[in-house]
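This report refers to the structure that appears directly beneath it.
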Amino acid sequence: MNNFLKNKKPQIIDLNFARIDTWRRERRGFPEIIYSSGKTIKQLIKIITAFKKYEDTILLSRLSYSQYKVLKKAFPTLKYFKLARIGFLGKKVYKKKGNVLVITAGTADIPVAEEAAVFLELTGNNVERIYDVGASGIHRLEPFKEKIQNAKVIIVVAGMEAALLSIVSGLTKAAVIGVPTSFGYGASFGGLGALLGMLNCCSLGTVVVNIDGGLVAGYFADLINR
Amino acid sequence: MNNFLKNKKPQIIDLNFARIDTWRRERRGFPEIIYSSGKTIKQLIKIITAFKKYEDTILLSRLSYSQYKVLKKAFPTLKYFKLARIGFLGKKVYKKKGNVLVITAGTADIPVAEEAAVFLELTGNNVERIYDVGASGIHRLEPFKEKIQNAKVIIVVAGMEAALLSIVSGLTKAAVIGVPTSFGYGASFGGLGALLGMLNCCSLGTVVVNIDGGLVAGYFADLINR
Amino acid sequence: MNNFLKNKKPQIIDLNFARIDTWRRERRGFPEIIYSSGKTIKQLIKIITAFKKYEDTILLSRLSYSQYKVLKKAFPTLKYFKLARIGFLGKKVYKKKGNVLVITAGTADIPVAEEAAVFLELTGNNVERIYDVGASGIHRLEPFKEKIQNAKVIIVVAGMEAALLSIVSGLTKAAVIGVPTSFGYGASFGGLGALLGMLNCCSLGTVVVNIDGGLVAGYFADLINR
Amino acid sequence: MNNFLKNKKPQIIDLNFARIDTWRRERRGFPEIIYSSGKTIKQLIKIITAFKKYEDTILLSRLSYSQYKVLKKAFPTLKYFKLARIGFLGKKVYKKKGNVLVITAGTADIPVAEEAAVFLELTGNNVERIYDVGASGIHRLEPFKEKIQNAKVIIVVAGMEAALLSIVSGLTKAAVIGVPTSFGYGASFGGLGALLGMLNCCSLGTVVVNIDGGLVAGYFADLINR
Amino acid sequence: MNNFLKNKKPQIIDLNFARIDTWRRERRGFPEIIYSSGKTIKQLIKIITAFKKYEDTILLSRLSYSQYKVLKKAFPTLKYFKLARIGFLGKKVYKKKGNVLVITAGTADIPVAEEAAVFLELTGNNVERIYDVGASGIHRLEPFKEKIQNAKVIIVVAGMEAALLSIVSGLTKAAVIGVPTSFGYGASFGGLGALLGMLNCCSLGTVVVNIDGGLVAGYFADLINR
Amino acid sequence: MNNFLKNKKPQIIDLNFARIDTWRRERRGFPEIIYSSGKTIKQLIKIITAFKKYEDTILLSRLSYSQYKVLKKAFPTLKYFKLARIGFLGKKVYKKKGNVLVITAGTADIPVAEEAAVFLELTGNNVERIYDVGASGIHRLEPFKEKIQNAKVIIVVAGMEAALLSIVSGLTKAAVIGVPTSFGYGASFGGLGALLGMLNCCSLGTVVVNIDGGLVAGYFADLINR
Amino acid sequence: MNNFLKNKKPQIIDLNFARIDTWRRERRGFPEIIYSSGKTIKQLIKIITAFKKYEDTILLSRLSYSQYKVLKKAFPTLKYFKLARIGFLGKKVYKKKGNVLVITAGTADIPVAEEAAVFLELTGNNVERIYDVGASGIHRLEPFKEKIQNAKVIIVVAGMEAALLSIVSGLTKAAVIGVPTSFGYGASFGGLGALLGMLNCCSLGTVVVNIDGGLVAGYFADLINR
Amino acid sequence: MNNFLKNKKPQIIDLNFARIDTWRRERRGFPEIIYSSGKTIKQLIKIITAFKKYEDTILLSRLSYSQYKVLKKAFPTLKYFKLARIGFLGKKVYKKKGNVLVITAGTADIPVAEEAAVFLELTGNNVERIYDVGASGIHRLEPFKEKIQNAKVIIVVAGMEAALLSIVSGLTKAAVIGVPTSFGYGASFGGLGALLGMLNCCSLGTVVVNIDGGLVAGYFADLINR
């Protein structure tokens, strides 16, 4: 391929209200993911119907349960991961790539963590979940110390002060991805506190994604493991 | 005393540009502290001269070294604590009140910590300093675990993500006071990141003071120990 | 105990979606408090059932009245403090520790104040409430001047400009804890105004907790009184 | 005058880089004030020279001492008020209008207060200064209670938490104008904390001007007194 | 009166959840105003019932229509001003004090303006309303130029960019009070844009109150007119 | 016309709660647009009825579908553009002015884009829509490169990081107007992220309007094309 | 040209530390402008020397006077516009395109305005400057009303509350571009106040560029006039 | 190793003002990096001298040129990378790990990029620099398209709107790390604009580090390549 913008038709499906990038898998290694929040059922059905002609793997993110229930009638093989708000058409990959640990500080952070974990499982990664280990009792990490030390990639999902990122990163050689969450009250200001906390993390070996960006973290972890 | 506002002259020394509260010690347990930043040498000399007639203990906070050098000529017994930027006239108290631990995350946080520590020593507290224990290597706390567990009050001074507050608090029954510092770069935004991190601390048993508020923390710790 | 992280099983109850810290009472002086907001009834029942095997005192914070009504059926001895949104299983402590004053600026601040006051009563503190004394009429504080001067700890709960913290602190030797509230309109910006007001408090002897952090303040006041 | 925009030449002196509003006195009751910060000496001389043909009262605000020293040579009758950073050509008015109290919380707030006070004196108001009465010792207000209760207008200048505005307003029938100052450290964030504190003031009878806006407050107080 | 805090019982009615300041009228010239938002009907009835023994003028601010409808049954003489959200018990004052102009930029700003206007009318001021004169067509001000030039006090209520404050102030000798409103979209950020716009107003003779603070502005305008 | 503020009656229709600027078309080239959000049906009917006597083209912006359905009964010729939330009375202009491209980054940005596009069509511009071309796959722009290079004006509507503005502007001689949208999650902070992204755009040839300001952009594009 | 990214060498001069876009004039209508702030003299000389082989018009923005004085030795024909901080090699264009008005609110805004005006003159536009017309005296606009009404494009440069943008736009059919400036004090917060004021401008027909973005506005005005 | 916190002396060198983590290499794969900004020469010499007994590789970050010149006398083998502000004692690693591309949007971003690049070279990575490819001319990326498509990791360093991150990520399967820089003016607000832009990046496969966090990005890239 000697021109990264040359026109190999059909690279795009033009639905007028949406343009589906059918060239994405070749160029980026994974087909376009359909962000479902704010789209009507009608729009989603049109997109999936058109996309299915080119792709056998379709992933719908931020898909609400009520959207899913209607879509399920049109696409009976549609799988749904409720906590993760992910819809999936196609076959799970069974590659058993490297280990990814997905850790949350609290119970409320689990939906964001699941968005990462489910994506990683669907793309063939070996995922282990460690939920609700907080920062106010680091001995809760103790039973997992070997897993933490041996992981290739760790995703830390935390709201409020997000101190867990620094603690986990300080114990491991793994690449650690922080996901701030919007859960909390008072000076958490919709996740701003957790975001600044993670960006200011003094422990080298960490990066940050958008607030509540579970999918963003999962996608990046899969990239490292490819 | 049956009226907290009754007029027992002279409760105030009126210097026109400043009003010194000579009733402070009786009412609040410690004489007024002179905030020196932004005051001229002339103003400071007038204040100290007038105040000395009523008080034998005068503490000057945020006193720069250059201010000190000039004042020293007028008040030869003036002691100076350089890192803490504290000037002191009078006698140190030797009460040996309860233990206070002053902990910093980094080396750059030391001046703020010293402001707390020096104040606490001058008021008769038993202070122990533990500096530069970071958050990226919690084993650095290991040698101090018994001190942390046995302290009555702990002051944690930290900038950037300030995760140390959560970690220390999670290990102890002590009352833990967080002091965010303005040291750092990027998204630390002059201490805002550390401030939000400490306010959002999930570990119960912690409170927060103003950014760089070493004296505020020291004063409060002394209150607990009285 | 010579290693603060050594593994004395069972220090943690692992419920998969939650990890309960059964070691908390020994280490920190009070059992883990269950933050109930955002948890399902199913999750709360699982947590309480498991926790009850190790603890006879279980405190649920931010428990809504509707959550309480369902839980009450499963745990008939569950007590509920409606304004404070606190659920409680176990026996109140009757230690009569030192006095704590809980003061609010307005009527709207009372629920946050109650969260502190109820916690303090349950843990055996002698609590006195002084509500709606505002900042715009400081004579409303007059009848309480002796209580203010004799208290060991005072909690000041206030929204909007939060000036009450400075005023109260200026009258007393007590340790004063400020709780900014999110109540208000306009430039109160969800409690940010009150938070900055309290952090910038010029009166030494004060500390601050998170916006609406009634429990955080109550817990810290109890620590001082232990 | 039956058209507020009709062209009565010369209402404007056009200096190319500046347009002086010679119609201001008639329309607004006071001639245009020359904001001097950021203007070159050359520009100031041109402005004053041109303006003097139409006005015998010229007030220069935010005039630095070094600007003044050079201008003094060109305009020997120029008076200068150093703390207030005000330059003045013309005659002081001796009208003895109503009383205005100018109060500051701290010593550092005095320059902003002087900007208001000097303006008010130059325009014939009866000004009384009460400086450094803080918020952490309200008894410092005690000696002035009658002045506070009898004033027509009060200007309160304060940084940090700015609680003094609420306290003073709660004691008086006077119209109270708050001036937040940028002096302070930490979470004062260049005056933002004081600004929000004053805007959120729960005591009716108060208004606010820009941070460090001493002249703005003085001008408004004079308007009330006219 | 020689002590502004001396105890002339009963200066306060203590209802436990609320403290009513019965001394307010003497001290500040107007009885305490009951902020009704967030208070239960039960609380409001208790407050009014207790207050009526000492005061014949009771004003309830931020009273919703549904609150009013219930209260009306208990207090049949209660008057209600729907747009202004003000409830009123007592007699309107007919003093015909000086003129106050209440001007809004848009239609959406009217409820905030009415809060000011109704308060001013109830306290005997001569109020004139000029609504929806915008900033994008200053000729809409033309028919009112004489009113603007002859007013003693003008209240300008505006959201979005709030430029109307500068324009009106530039045309008059009146004291001009700006009220930023939270109405708008996009970068109005809940009134922050209008607030900053009004604080930065270059035209001397203006002050600002809290976002949506119609009552605050009305109260202050009445103070000037007393 | 020799006085831009002279009074040519009737330039304003005064409805008490609203002042309609009937002079707008002559002065600014397009009649006043009625911002409908927050106005009652009653108010809208009064405004339209009064305005129709002077204007045959009436455009209602931010008109909700439910408002429209009621208004339609009173004004049967009222046209409605649902996505654009625009109501329209009068005749579309068929001038076929210069080409305007309206481009969106995502599907969720379409309603804002439609507000611009519909306005431009109603005022006789030749509009072409290119929706959902994202920034994560710039080859989606490929099929439109000639349109982009030949346009006179381009409107780019985008939320989140809004990078599309820089990319499009870098490819063309056209004047490019950026419209940040409030759509998104996490650190998009209600459109602030997109707004800052567009303001900081390094590519010369771009300007920005308010968040979600589709009409503002459309109006400006029409101005260029007149 | 049938591929907007096809490689027509040499479209880029690669200097390792900088890549000069020699294809810019063809693609965008004006050669690349060299942003000089932060570049060393050495880097600037290398860039100019390399660029001169392909371009006879080189414009350097944000060029300090001290940078200019050194560069002048290497490039004797370099012209410099001190207020505008623009350096220029080449010939001014004498096209006399449409009129552009450049208006400032204050004297301090002139350097930003000059950046726009000089660029527009160099590119052959007919520029008229109207400086220091403020918002606090709109009659200062009176002498220019016909120019304002007849202009094709107007650039309004203003700091603080930036109300001038709304006023000017309300008087004209011209396309009006707002440039907020960082000049000011207090709540101007480095231009944020002016920026929000301009973005929230209710008058249709306006757009905004970055704070202090004189060149950005000038460039866009030229685009409209091409 | 069966306890990640067990005490294997000497894991820490205690210098009182600093605690050096000699266990870091074993635990995290790279020795502790000395953050030099704000440290005195004396402190740096003490740290290096003590550290050298345990480590043969010592990296000093944020080391100023003037600090370096003094340290060079004490440690003659100290190497210095001026743009990157990195000091280095020890031997460069020659492992030739996977390729890392370091791309900057502008020339001003180069120092931050060099911090990443130099670190990566010192740790044996194969680094390629592509500087000043901007976002306003994406054809500047054209010559590097194969490198972009074949890289394992790409670091994108950009200020202002930071759109380059989305563009580069959209073209590649590589893991892309964004580094926002504080360079810029106006609404870049010290890097906040670039930070939000990068966090909101819609292209999956990207993560973000702190503003100006070149070392953080370099360290993470090396982790992926290990």
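For clarity, chains are labelled A, B, C, D, E, F, G and H in written order, and residue numbers in each chain start from 1.
Throughout what follows, contacts are C-beta pairs under 8 Å (C-beta built on N, C-alpha and C of every residue); 3 or more make two chains touch, one makes a residue touch a chain.
Treat the numbers as computed from the prediction; the structure is a model and nothing was measured.
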Centroid comparison with chain C (C-alpha atoms), farthest chain: G
Numbering shared by both copies at the chain H-chain B contact, with half separating same from different: different
Far-end chain from chain E, centres as C-alpha averages: H
Between chain A and chain H, centroid-to-centroid distance (C-alpha), Å: 26
Averaged-CA centre spacing for the pair chain F and chain A, given as whole angstrom: 36
Rounded Å distance between chain A and chain D, as computed from the means of their C-alpha atoms: 57
Numbers and ranges of chain C residues touching at least 2 other chains: 4-5, 27, 106, 134, 136-138, 170-171, 186-187, 189, 195, 199-201, 204, 210-211
Touching residues on chain H, where the partner in the complex is chain A: 3-4, 27-30, 33, 145, 148-149, 170-175, 177, 195, 199-201, 204-211, 215-217, 219-220, 223-224, 226
Residues on chain B engaged by chain A in the complex (per definition of touch): 105-106, 134-138, 159-163, 165-167, 169-171, 184, 186-189, 192-194, 196-204
Contact set on chain E toward chain C in their complex: 4-5, 7, 11-12, 16-19, 21, 23-24, 27, 32, 35, 37-39, 43, 182, 190-191, 195, 210-213
Of chain F, residues touching chain A in the complex: 106-108, 110, 131-134, 136-140, 142-143, 183, 185-187, 189
